[in-house]
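Letters A, B, C and D mark the chains in the order given here, with residues in each chain numbered from 1 onward.
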Amino acid sequence: MSYVFETEMMVRDYECDLQGIVNNAVYQNYLEHARHEFLQATGIDFAQFCADGIDAVVTRIEMDYKLPLRPRDIFIVKLGMRKQGRLRFVFDQAIVRKADGKRVLEAQVFAVLTRDGRPIAPTLFDEVFVSKGWKF
Amino acid sequence: MSYVFETEMMVRDYECDLQGIVNNAVYQNYLEHARHEFLQATGIDFAQFCADGIDAVVTRIEMDYKLPLRPRDIFIVKLGMRKQGRLRFVFDQAIVRKADGKRVLEAQVFAVLTRDGRPIAPTLFDEVFVSKGWKF
Amino acid sequence: MSYVFETEMMVRDYECDLQGIVNNAVYQNYLEHARHEFLQATGIDFAQFCADGIDAVVTRIEMDYKLPLRPRDIFIVKLGMRKQGRLRFVFDQAIVRKADGKRVLEAQVFAVLTRDGRPIAPTLFDEVFVSKGWKF
Amino acid sequence: MSYVFETEMMVRDYECDLQGIVNNAVYQNYLEHARHEFLQATGIDFAQFCADGIDAVVTRIEMDYKLPLRPRDIFIVKLGMRKQGRLRFVFDQAIVRKADGKRVLEAQVFAVLTRDGRPIAPTLFDEVFVSKGWKF
């Protein structure tokens, strides 16, 4: 897996549940936040996209839970992005505990771009990826 | 306090935190949901309000925590509403544990209506309250 | 897919995000709540399990997003459960919009039981399933 | 108001609701996180406290909403702490938007320490405050 972006976060107490560990659903918040940070970092003007009726829609998520995060754990969310077929693109994401580098979670997030509700080819990303020297 | 509306809910496990009780912030979700249920029940057409540029804005919240809710507790959120001055209105809310009727939380939520960002008198509510025989 | 349990819920406004639809992570809350409701309904004494050091751990989740839920939508979470291999069991879950019966989300949630942190065979469920006439 | 601690955070998209602004309840998450960061920073050993049966319990919260935070806004949570009477202590908290220093929210959070469920005087904090040169 080749990751092109990462961001660091810390577990907040309110994200933990009865079992004293981060609730399973909260990892999806972490993953979403990292994707939005990544898209922001690419310099893509999403406000303009939205104004043009373009939207990014998640169609499928797979998550493997390896190890639970606990209060105040610092962790890194890593992210790669690739095309799948003509329309779909995939975010490969991993969460790694900073203290020991252990893998906490691995995820694949499948998405499409839509214009006015209809899927369009994600060619918008091509230019960014070429300019950064990333494969897409 | 005279309440004019109530709604029943149950604590979901994911709403509880490390201490095994409902997290303090989650009560605000419960209170907000009860207010929206109430407004829906009054028959006020909020979609139309929004289309007319009218918005309801919370300006202040006071909450007294009496007793913690625990997983699977069933509780009632009670609600009263009154004017305060010319522009402000107040929701009086209480959360009561169903099993024993004990008071879990008391809250006062202060709000104003705005049209295009400017406060307007909440006369919109007068008709509803009169028709229901409630004092406002 | 054969479902053995279902529970009805309604979208609360605070569960919706900027796009005016239920945030992707919130569906995991719905699914978790339905699983806990199901386990409660089976009559399995989980408090006793915990006291015996037995825990249920989610190891993998797959979710297919078909259609977004919107504010005040009423929906049904359906649930089936089956063994996979000697240790793993799977919850098959679907979310269906009540108004038109349309499929909102399909999920497979993989889990194991652990005693003192080590996986154990989920034979605890056998008796319940037999008594209910469900296949497991 | 004299603040003795501050911490910087950024709004994440999933914390925003239908209106495109941070949901009112989420500010309580921010405030709680800042309090826990502060207590951590004082060097007080809360794990030891818990082991000794000592707990901190919020009894009342007052929040004044001045200005909404929006996606990606960076903000500072400021915190002061003082005694009120023999048993109660108060956190004075403010949230300030970093870009322009504007006040977003002001809060007073009232709490007590309990040992085995009974309120105790918060003398535990005296030493820390003296050592830091803060008034308490």
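One rule holds for everything that comes next: contacts are C-beta pairs under 8 Å (C-beta built on N, C-alpha and C of every residue); 3 or more make two chains touch, one makes a residue touch a chain.
Being a predicted model, the structure only gives us computed values, none of them experimental.
Colleague: Per the definition at the top, count C-beta pairs in contact and tell me whether A-C or C-D has more.
Modeller: Spelling it out, more C-beta pairs touch across A-C than across the other pair.
Colleague: Just grab the chain with the largest centre-to-centre distance to chain C, centres being mean Cα coordinates.
Modeller: Most remote chain from chain C, centroid-wise, comes out as D.
Colleague: So how far apart, in whole Å, are chain C and chain D when each is placed at the average of its C-alpha atoms?
Modeller: Measuring from centre to centre gives 35 Å for this pair.
Colleague: Using the average of all C-alpha atoms in each chain as its centre, how far is it in Å between chain A and chain D?
Modeller: Taking the mean C-alpha position of each chain, the two centres sit 30 Å apart.
Colleague: Using CA atom averages as chain centres, what separation in Å is found between chain A and chain C?
Modeller: 24
Colleague: Give the residues of chain C touching no fewer than two other chains, as numbers and ranges.
Modeller: 13-14, 23, 25, 29, 32
Colleague: Could you pull out which chain A residues touch chain D in their complex?
Modeller: 12-14, 29, 32-33, 36, 40, 72
Colleague: Which residues of chain A touch chain C once you look at their complex with the stated criterion?
Modeller: For chain A paired with chain C, touching residues are 19, 23-26, 28-29, 32, 55, 57-65.
Colleague: Can you check the complex and tell me which residues of chain B touch chain A?
Modeller: Touch list, chain B to chain A: 13-14, 16-18, 20, 23, 25, 71.
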